[in-house]
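Order as written gives the chain letters A, B, C and D; numbering starts at 1 within each chain.
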């Protein structure tokens, strides 16, 4: 196992994020995947099928940006390739969090294609949103058992929109990221807040 | 009282499950029943009318798979016979959890017969679901003060569908199970997640 | 202040109930009142305007069943007279809990007169309900700044229905009771569970 | 940094309020601003972009009622001017809390202009409400990137209605206040309770 200070520091931050996000109910039944960058070629990523409320360093693999495991004895989860695509796109990107809340799941099923988020003050927390009134169009990708195909669609979307702040996968939750675990966590909070607002507004105003 | 290491280990796991599931609000007002297999002929099961947030070993009975109490001075709750039927069907089955959430209760009343669960990534956590798109038809049995009759209907359903992962009882909540207490807990989480999604989707889209 | 063992034991139980029910969000902004019987002529009752999440013995008064303060230097809250009426009706009655949840408040406003609760397994927790299918008709009284008038209506309802298990006041929450603080707490849980089910079902099926 | 006993006492109370209100989910993603009066010319106010769940004294600035920083090395957040306007209006005012809940945000978007709150017993917690039946009309101001213009509208509203207890900003949450941090917290709780009731009632009865 990797024993480098950077690995130990990053997995501690991800384990803390796991406790926090599990307590909010956004990681039910071993769903979710987390990763953090170790250097320009490597990331630490959660191993498959881990309970996210009590991760420790044995629950993480080190993989390079071609997808090869360099520390850890398990195969990485297929979703690892989605993480890798994001790190390749942006050298500033430090962490990727995939959560699986009720609100994200329901919206991802009811708004295939795009979820429009407008007029929320918290939009200012997200990159590339200067005017909350114009807001953000969050891509919603159809779920696909072939993760490589899903990865190709995410890759194309990130190329079209370099300021992309996150995306949904149908029936499968949210991916978001940031320069650090802490900043990625703020984005999870901002998105989940807007998802809760959107579902509540739809319940009131249909 | 039973003092065997297997009894003590299993009731500790069930007590922990009780604290966890009570904290989520899924066991209000002394509802719910838990059990775990001790060997091929015996199970530990919660005694009647216990508050599930602070169970200890005195809150459990040992019964054999004919329903006779072999340790403990109380009559078992009638629901014990539902548990026994499941252990008889599958020798791999290690634990049964009956929870009583708001979302399970409301769905069990609004969808008598069957609740269809489709296109959820978490369906992969359940046995016999290889394709989330085809999903799962969860049986919903009418509540019946005669537990023996209810047990006969559950027995027939398990015979028809050996991969059955759980069922609802009208106004009365969820039964699910697994090879261990931990795996049964993951299924409770997966089902409750989908129940929350289903109720929220119905609130938004009717 | 009263220093009797019975007073100290009962206020400890009520303080614990206050922490528990506050944590669930059912006692916002200093709402709610609790009481417990000390003997056939006296009760301990919360003094006015207390934050219910950290009560201690200084937050309680002792009043007799005519409403006179016998220990404590404050005037009792007007709602104290509602409590007294219940203790007079039933010598077995050991505790009264008044909570103020969102769900109880909304239902009390939308169903003036009576809230019908049917087909819930938890109805078995309540007195006088042998058949969940027949269920319970919970009285909903209009709020009234004149607590004496409100008390007279409650008195009449308890005379008509000696097995009454609780009632709602419009915009003002739930009153329920039991032979002990613990049993009254179970009834709060059972009622709040059904209130959550009722509001959710109405959101889904209008 | 200010080391006066009054500064240290007030920021401790505000930090505690931050932990409490964050735990309820009312301050997602570094939203919210808090302040407390130090004397007739100065307030302590949260510095920009702080996570509100673990504030300490280094997260606060001291500003005078003209908006000049007198202790602290950062520029105050633009919203600080909204706080200042309130302290100028009322010398009894001791604390201002700005929270950012889902329910407040959704209502502020669906009821531009005014939110009518009627027939809630908790209205008695608010200033100037003697009769819950007549209730309270809560102003809802459109969000405005120009905080000075927003401040001018708030100023006019407080002049027209000296008993004003709070207001909403579209997509941006609640401002409320009180003679102390504790009393302002009670008002946050009372408002959020009514916001939850209002959204639930709209979901049930449209």
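In the analysis below, a residue touches a chain if its C-beta (ideal position, glycine included) is under 8 Å from a C-beta of that chain, and two chains touch if they have at least 3 such contacts.
Everything numeric here is computed off the predicted structure, so don't read it as measured data.
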item	value
Maximum centroid distance from chain D, chain identifier (CA atoms)	B
Copy pair chain C, chain D: interface residue numbering same or different (half cut)	different
Distance between chain centroids, defined by C-alpha means - chain B, chain D (Å)	46
Computed distance of Cα centres, chain C from chain B, in Å	32
Residues of chain C touching at least two other chains	203, 206
Chain contact graph, described as a line, ring, star, complete graph or other shape	ring
Full enumeration of touching chain pairs	A-B, A-D, B-C, C-D
Complex contacts: residues of chain B adjacent to chain C	28-31, 100, 102-103, 105-106, 109-110, 143, 145, 169-173, 199, 202-203, 206
Contact set on chain A toward chain D in their complex	119-122, 125, 132, 186-187, 189-190, 192-193, 196-197, 200-201, 203-206
